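Below, chain A partners chain B and then partners chain C, in two separate complexes.
Then we have the complex of A and B:
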């Protein structure tokens, strides 16, 4: 019954959304380090998405929340900005993986390798680490180099994607998952051991200090700046995702996902199409890797474990594989749960324990149950929302626009033979 | 010169010989049927022509040039397309998008062009959309253009699959049991439709079919397979009276009685 009521409603009334934004913005302003306030402002994005109003109004509202309200209200609160930029990093990565898993249907369990490639590309060349194998003492580079390295990270990761893809993409399904899992681990272990014979990655000690981005002499090392950097990268990735989804390539990806045989008989090359998906997904992870390295100022191979790959995959599947808003929601949800909710809940229980209300054994600390909660969430989603929180759906084409197109005058393709036949 | 020539095609799966020394010549602009009892190797033959199986022996020539060893997508690009016995649509996509996938190899948009949404990509997309819509009108299913392909009724799915195949701009179309599962009226409609493809679009059509009324009424030439070998070929009239064919279909005693 509730379902029918929901469907008959055209969306959430604009007033409700506006009130919600105002209330959660106020909460964000008055409460320090409040999970509830932060979730409130994040939830307002979802509300805007479902608000019953013009698309342009929704875009402006969303932009206002992300670009004005959050930075203005919480800009000087390091904690909020830190969480927000971490959410952003995972959203961007999940959107990249969405191309590989969601669109092309290639189950990739080694996605974090491309993230690592981008992070190491910036870390090695922006610190004195590169002096170990490139003579001339040209390094470290200044933070100004961060910006070109966004592109370098993208290209390096894309090359990694193609190199890994070439041998890996000959297998499919479960086998692909196993092989990519292996490759992800291989890359991590290589980075872990590449301090001998030539010291390239500094091995398990990691690389530090990675310079913060700099622009016109302004050092952008605080979470406030990273929030904006991540936000712009996300906007770029979202636009790319939307354009890919309904393009020649996006259709080929979905076709390959749905039916490889039929796709081939339509003239789609399996290898090229899958490689394109791998390279595109990888390149987005590479960009995010550069930002991650600059934000952490220190990286070592432990940041790029299998658990990270699985975490990102969980975000994609939970949100809705192949669905852009779904994946954004999934990534935000899982990250907030991971970095904020559980930690907050443990802190709360600890404070209760200190005041003697309860006796909490160390083993029951909620922040230790992250994987359990992941597991339960996945099972629940698989049972009750098998297509994710916001399932993917293909856009309907505007048929009137097609009929009115400037090309609609003559017959195209094989049908051009119809008119030829009449003339002769 | 024949448009398509299959010379001595042989395909073995372990001990099973699915096709043995099958030679078929197809002339431009004809309708040819490949018939035979279940398991005779008809679909195997289709799979070798379209590149899904590589023949163990023999060769396939298109316009006199060998296409043996090419991948299915390369063969599709050269103008041979097909439909499948058990319909294989991209179920999650809309019907229109399914047809647009057919235009894939004639479009040129690459990763960068799509990312920057260049004018060329936008125009190419618009053309592909118009072409796909025209094809759907042509096969008479334009009213379901925005429906998910998997949700369409069976008859429309068959038509959609043909529209998608036509979008590759083929010279030859291979139809694997186009009238399977259809009632008599739908079968008559399908027969008319296939004839239309030949007359209006000049297509060369090869079809596998079990419905003898359709085969005899539609095809100009028939090849009969049994246990992987070609046992007869000829016009429908010749095939109808061929004792080998009657034996293959009805058993040996049938020929003795008559």
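Then we have the complex of A and C:
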């Protein structure tokens, strides 16, 4: 049987994983600013995922690394926590887009619009910006409001998702990609110009200073706190993703992705199913947007360009669309690559330049290579690994296993009748 | 006062619209045959603009432009740019699209998005090495303008319109009268039957990319002459709008792409000029991109087959 075949496949021995965690934790502790040490500890999560032990042990190990080892070893190191929370923000966004692209198969190139909606929701009302159009001088709000605004951001972005989705989701396939791209640009242009007739977004100047979150009088402005905030949001999103994946709605998404006509003829409402995917994906982006705004303390429309949407899409496609571990890996990899590796590399080249070894025009600075790298990645993945680095595993509906399960008697409808028919 | 500028606005709109129309032809040809949005087509246009500008800049620095008839120089530039972008289009098809022909529909689209970003950065890269900057000024070949009574049309704009019309007529003749054109239409209708009729489908698709891309590249040269400055990112928005034009006219339909392009150019120019004054400055020309995208969305919602396309029933 298929299940046994998979289980007998040996993973990585537990000892190796434990040694790896210890070594990379030590490296992280003793080195001040090392990308390699950071990558090492991130890689340990992948090792844990493939380790040959019980699922519960793996979960505990993973939680220990994320909740205990990283904060204990690197918690006082601003640099590592900054990178980690940045990685976290993109992981959360990619998981949201994964619902839209991976589960429901809707290629959304304007995803960053929902991120912007969440970010602006918090930014406008937590600064004095809201006084421009709401009389009474109620604003700015204090950092305590960050927590309710996580929910507000979620709702605002979900509403945005539904409003955009209603017209957009009537078109399909590659048209949808272009239309969402157009909508993403429209939203950005509107945010960029909505400083008149009424000043709502402050236009290209952006909004500042956005307050850091506060809890019981503790100001949580450092990357250390954001690491935990992001981590909890990710845990929430991952659980939501897993719960959605095999739910009725999740299966409807997959059905729509595979064949719209067939899904429709099975009684799935296309528009409602797609809208649900759009709104769910959007709401996650909204929450992350609120965190992003609070973390940056300043936002303007340049943070929400098409490049961001494409970047998140690259993470999903590279990791494996529809595959939760894959998307996490893709997001972590791309983020570390673009915020850290490229920067390090260009610093290295600059130091070479200063010592006169090479001559580097400013335009060739590797930190500006985003488009090139994203482009190459998209082409290579499309050509050679269309299912991504960790492909999504399709749940096998094993007829024998279903018949043997304790639910076989009542709930399975036609299947149970089949079984009964054989028995009698 | 608003009506005084109308003729000028119309002339600008026509110039822009004819450029959209020629680029839209490239989208619509590829879509007609492969049912695939060649996302990188806008970038081919951009490469054409850069090739044209580089040819002029290099020959200018060599002194070759001295005393040369500007029309001859322009024609040569156009030919070089068309040859190079046509070749580039074929290369892209060969490397990034052909291996994916049987794949699910979104996969080639993703590859095309990748090509699009790759080209933007490659051009920036090359220009950064060669000239240490990537905003280029195109040497102007034509000055002066032709007076039409109420409006004056710059010579360069006039050339854009004339050449665009020539290219459209040539393409229509090619598709309708020549053997290869008939083969293209046959492949667009039914690939497997066409291949049974001894049509080499791969070659026809290559030819489609060759023609579509060289038209895109030629438009790039026209664009750089008309507006004078170019950068590696001009292709993206223009490509998007040309695609809008193709959808507006009915994608897969050549005549539709031409009409859609001109219409979109006119609408955009009119909205850019009049939206500001009409709304007392609340919504000015900065919303003209929004306007174009809104047209795209409206067309897709209410008349997805476009002005000239046929409604397609989905087959099971």
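Criterion: the second predicted complex is superposed on the first by the 377 of 424 C-alpha atoms of A that agree within 3 Å, B and C clash if a C-alpha of one lies under 4 Å from a C-alpha of the other, contacts with A are read in each partner's own complex, and residues count from 1 in each chain.
Everything below uses one rule, namely that a residue touches a chain if its C-beta (ideal position, glycine included) is under 8 Å from a C-beta of that chain, and two chains touch if they have at least 3 such contacts.
As the structure is a computational prediction, the values presented were derived from the model and not from experiment.
Trainee: Which partner does A:310 reach: the first (chain B), the second (chain C), both, or neither?
Mentor: In the superposition, A:310 contacts chain C only.
Trainee: Output check: A:55 vs chain B and chain C. Expected answer is one of first, second, both, neither. What do you get?
Mentor: So A:55 meets neither chain B nor chain C here.
Trainee: Which partner does A:276 reach: the first (chain B), the second (chain C), both, or neither?
Mentor: A:276: touches chain B, not chain C.
Trainee: Would you sort A:264 into first (chain B), second (chain C), both or neither based on which partner it touches?
Mentor: In the superposition, A:264 contacts chain B only.
Trainee: State which residues of chain A lie in both footprints, the one left by chain B and the one left by chain C.
Mentor: Comparing the two interfaces on chain A, one with chain B and one with chain C, the shared residues are 261.
Trainee: Taking the touch rule as given, give the residues of chain A at its contact with chain C in the complex, in rising order.
Mentor: Its residues touching chain C are 105, 107, 109, 167-168, 170-171, 173-175, 177-179, 181-183, 185-186, 189-190, 192-193, 196-197, 261, 306, 310, 313, 317, 361-364, 369-372, 374-383, 386.
Trainee: Quick one: which bits of chain A touch chain B in the complex? Just the residue numbers, please.
Mentor: 240, 243-244, 247-252, 254-255, 258-259, 261-270, 276, 279-280, 392, 394, 396-397, 399, 402-403, 405-408, 411-415, 417-418, 421
Trainee: For chain C, which residues count as touching chain A in their complex?
Mentor: Per the stated touch rule, the residues are 36-37, 96, 99-100, 103-111, 113-122, 124-125, 127-129, 132-134, 236, 240, 243-244, 247, 281-283, 286-287, 289-290, 293-294, 296-297, 300-301, 304, 314, 316.
Trainee: Show which residues of chain B lie in contact with chain A when the two form their complex.
Mentor: Listed in rising order, the residues of chain B that touch chain A are 50, 52, 71-74, 76-77, 81-82, 84, 88-94, 96-97, 100-107, 109-111, 114-115, 117, 121, 124-131, 133-135, 138, 142, 145-146, 148, 164-170, 200-203.
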